[in-house]
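The first chain written gets the first letter, and so on, giving A, B, C and D; residue counts start at 1 in each chain.
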Amino acid sequence: MSHDLTRVAILGASGYAGGELVRLIDQHPLMELVHIGAHSKAGQTLGSVHPNLGGGDRILGTLAPSEVPDVDVVFLALPHGASAAPAMALSERTVMLVDLGSDFRISDPARYAAAYGSQHPAPEQLGNWVYGLAELNRRNLVGAQRIAVPGCYPTSALLALGPLVTEGGIDTAGIIVDALSGVSGAGRSVKAELQFGAMSDSAHAYNLIHHRHRPEIEQGIEMVGGVDPIVTFTPHLVPMHRGILSTAYARTGLTEGELHTILLDAYTDAPFVNVIEEPPATRWVVGSNNALIAVKVDERAGCAVIVSAIDNLLKGAAGQAVQCVNIALGWDETTGLPMTGAMP
Amino acid sequence: MSHDLTRVAILGASGYAGGELVRLIDQHPLMELVHIGAHSKAGQTLGSVHPNLGGGDRILGTLAPSEVPDVDVVFLALPHGASAAPAMALSERTVMLVDLGSDFRISDPARYAAAYGSQHPAPEQLGNWVYGLAELNRRNLVGAQRIAVPGCYPTSALLALGPLVTEGGIDTAGIIVDALSGVSGAGRSVKAELQFGAMSDSAHAYNLIHHRHRPEIEQGIEMVGGVDPIVTFTPHLVPMHRGILSTAYARTGLTEGELHTILLDAYTDAPFVNVIEEPPATRWVVGSNNALIAVKVDERAGCAVIVSAIDNLLKGAAGQAVQCVNIALGWDETTGLPMTGAMP
Amino acid sequence: MSHDLTRVAILGASGYAGGELVRLIDQHPLMELVHIGAHSKAGQTLGSVHPNLGGGDRILGTLAPSEVPDVDVVFLALPHGASAAPAMALSERTVMLVDLGSDFRISDPARYAAAYGSQHPAPEQLGNWVYGLAELNRRNLVGAQRIAVPGCYPTSALLALGPLVTEGGIDTAGIIVDALSGVSGAGRSVKAELQFGAMSDSAHAYNLIHHRHRPEIEQGIEMVGGVDPIVTFTPHLVPMHRGILSTAYARTGLTEGELHTILLDAYTDAPFVNVIEEPPATRWVVGSNNALIAVKVDERAGCAVIVSAIDNLLKGAAGQAVQCVNIALGWDETTGLPMTGAMP
Amino acid sequence: MSHDLTRVAILGASGYAGGELVRLIDQHPLMELVHIGAHSKAGQTLGSVHPNLGGGDRILGTLAPSEVPDVDVVFLALPHGASAAPAMALSERTVMLVDLGSDFRISDPARYAAAYGSQHPAPEQLGNWVYGLAELNRRNLVGAQRIAVPGCYPTSALLALGPLVTEGGIDTAGIIVDALSGVSGAGRSVKAELQFGAMSDSAHAYNLIHHRHRPEIEQGIEMVGGVDPIVTFTPHLVPMHRGILSTAYARTGLTEGELHTILLDAYTDAPFVNVIEEPPATRWVVGSNNALIAVKVDERAGCAVIVSAIDNLLKGAAGQAVQCVNIALGWDETTGLPMTGAMP
């Protein structure tokens, strides 16, 4: 391969997001994947862990930073709490770090502690990371060397709410985010409640009130200019592989047309976000890095209802991570990213 | 069969709710099904229309009231607008009428017109029908001869909200009902958007703001003592056969424990409603006439979050219809009704 | 409850088949469930293990035979190899034993060893057990005290093949059974390959050539009069909760009409088996104890194609177990068993 | 766009295969899509018909050949019987025609009549078309101007059987092909039996004995050197979007190792076909143009069991069509085609 390609490593290549990263980077024209590391699957072939991926003969290494060769970018796709240590070790090199996990998303140590129930291991690092919600933080991503990729629910919710907050179209107190996630959002670890027999043909809500993405959503609302946000967040699992559908409710004094225009204007130059008239289905975006957003207003109640759809593993994880790197390195934002999904 | 059995007819036996009625009445120890009528399927065998039902040799008659033999109870399981005419014709007999459709649910003609976009064909009849939400209107059902069985979404929402409204535990303005329905909730008519290829592995919201179940929910809140309710209602279709999961949001000044106690107390004697600690999955009730309810409070937001699960074709339609007849005729409320679901 | 009810215990009540047994026996008019035992779930409530079942306050005991009170019937719904010990211990009492597991299905020790790869722990017992394929072995079930309930695949295959073998309609060599099972057929143990993310929207074949149900199918063919059967058996898992669809191929010299008549005649008096013209869908039987069978003949190839559908947890396990007890005790064969399924 | 790109038209862009063609060609580096035609959807935007596809502002034209501009390649993705007329009209130009339908797959008029129940409208044309099963007919595809892309089932079956036939590893009489298809295999037309409520969580066999892909499979066996093939073919629909899993049975005198080696050798240079040790799941190939094949032998029965998996819309339709054009035009066979699928 050409020595001009940006050299990339992935730590955590055996999970769902890690597998998507491999797939995206393998077909990215400007990147070259030179190292893949995993925890319990170290030593196995990529093909045995992800039978959908070609190149089955590549061997997964370990997560040890010392094993990571000289690369330009390291993606960390690790469980919560597992990114901080390798990130700190790798910080001694000149390398771009892109964390798909939750360790560096919250910039305020107190909010971090409230969200995760423990002190951050390296609070002094938190301010160095750029929150990688591409459309709402693009300016800060240019040239960034430390990128914290948002969670899937916050991506979905903030794309819907962000411009409306910035333009003062909705109140920031009393926001409700009611979201539906495909089962892959729960990750790849083997659990009784994620068995086909438990999950197929069934829907349930979980982690009410205290889901750790709630503080992240509130931080995002502040980031785009909102003051004192209070969000009630209810995630649900529904029987589909991928996709997040967020239905957000906020008090508004504007009309449907006005809110629609705010969103349209905000995303005019965003290649992956489309603002549409009627609410989307998740299958319209699954397989792509796209987001679809629609807004309605219940005038009797003075309530805006904003619906957004993304693929949780792409725009909600691996796709957005690559999009951030594209922006950080000054490439076309869409390079190597799928803009059409697969249906049926 | 014994001449002591209550004789029953079903008009609209070819749809999903009608099929469930056949199944329930066939196994009901005090009822005898003597007539089944259908529209376009008239003349076909029951088995060809519902291959899951035994007794495939029974022939579907027409919907003509004149074809209905001398019976004690007629269930109407017809599309919106199709119940009024046969109901009026059958009213000339001494017969209990139980409408699973929407024609007689709304007692106020103005609200009916707002919900359905047209004037009711027989507004003077509206006051004669008892709203068949068994747990919240049991007293009026005893001895009733005209029963309007609630819609599936209102059943789910009102079981969750009703006692909290009655006891003043939540505000009646600014209520949000965000509900997930299995695909059978959309009925059995053949539509492109209900094809497996469109609906499987996908979720979407539909009929935002203006779904016709919204006025019915508001009427129900008034029925249990609420004043000037304003409800924002968002239904979603998710890829499962049956089940409704409603997540309702309302402002509250009470604690989680207080709200939980109100619900527990309200349903102490309700055999089909269980108030539980953690939110249910729809599969826990599918196949039964049960409802499961849990309440959480977001104290920062002053917001109660109440989650309820039912089977839309049973507690949300055919099961509740039979439950109402059991109550109306003074039988044990649970007679002939499934109290356990099937998993997986 | 009445002292006239037949008293029943279940060992292995926490699995899928065990849960279905609880559900069936709770609604059986002549049985009373007085003991439920489990392995790792001992001490938990039934409701926490099977949230679909009412009676959540019943506590699961252990599997210890000494804990089983004085009962008339013990159902064993345990993993392979786990039934022999409690069966032997309980044999010292006067009690009917009904094993839903595989320990006593194979009557010949050599065939057992070939199927399961180990010697049977109590080969002298094997001859005492009656193979509980109700329709094909009804005579031997009357009065039986030891019943080995067939596997789900053998039930499905033998109902399709049995009468054709008995009447000489097909060759017993070169039979192929190609079967599709819902995921519950793989049991309730938690495995990576049964996660929703692995199994939904996907199909695969497994245990080719050497599945242990193959010798059981061959034994069944001998039981109904076949000589030197040779069966090639390919099970598949497809993404549905329940249901087995077996497509069996056998050489024939008869016409489609002749084979259809043989099947019709054989099942004239079988309340749970219907022979139909066109091949069934599994949903037509799921939730019931029914089997549906259709036969076609490829005349160019001299090949009969027989398709049968059952619910693997009912006719393929718990339903057939109850049916066998009904027959053994001289009750109506259908007592307490569902004859209609639920659709959709 | 560059004038060097091969200019492409698609007639039948509104169906599932047509939508996949649009997706593939849009991202193909050497092709440019300049015309899309449809039947009943003519005049609508591509985005309204395929909401997963970007470029929603492109308008679907009609199917009229006169509307097709000057192009190098026309893909026909039309229902059976609808390709012959436009193909004949377009034959007057210098253009490559690639038919994804069934009109030109069968080269013998008598076999065509047997398969489709009517005479071919232009039997003299049949011999001009090359059967586009890329791996088994690559040599004839080079430079071809008329390509008939195989059906999805024949592709799946022939990739499994072809090399074994050519090398004499299996008998060509008495072959059984038992295949499972995702629901998209039934096309996009709206039918009651394809509704989510009918198809989800259910499996069934259909068109036994007389499915029109049977003669096509037999023709393919002859094409690779088999004599007097007799195939019994049973297609099933199972509840998944995409994917075909074919399980084929044939008499053999060889060992598993010998058959495995024949397949390995045959596909050494085939970038899209992998021969593996254990049978694949359909999800391992869905989203890619890949095929996975495994063979087992039942030595007692002298029966080879070969399992193959493909994505019916890619390797079984649109992907193979593009692969054929790549070969015909002398490009790298894999150009623009996905070699990894998406999981979960």
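Here is the rule we use: a contact is a pair of C-beta atoms (placed from the backbone, for glycine too) under 8 Å apart; a residue touches a chain by one contact, two chains touch by 3 or more.
As the structure is a prediction and not an experimental result, all values here were calculated from the model.
The minimal number of chain-to-chain contact steps leading from chain B to chain D is 1. If you take chain A and chain D together, the chains in touch with both are B, C.
Centre to centre, using the average C-alpha position, chain B and chain C are separated by 36 Å. Each chain gets one centre point, the mean of its Cα atoms, and the points for chain C and chain D are 39 Å apart. Centre-to-centre, using mean CA coordinates, chain A is 46 Å away from chain C.
For chain C, residues touching at least two other chains, in rising order: 16, 183-184, 196-198, 200-201, 239, 241-242, 280-281, 283, 286, 343-344. Partner chain A is touched in their complex by these residues of chain B: 173-174, 176, 178, 180, 182, 196-198, 200-206, 208-209, 230-232, 234, 236, 238-243, 245, 247, 249, 279-283, 286, 296-298, 300-301, 303, 305, 307, 309, 343-344.
Note for the complex: chain C touches chain B at residues 16, 19-20, 23, 26-27, 50-54, 183-184, 200-201, 241-242, 280-281, 283-288, 290, 339-344.
In the complex of the two chains, the chain D residues touching chain B come out as 16, 183-184, 188, 190-192, 194-201, 239, 241.
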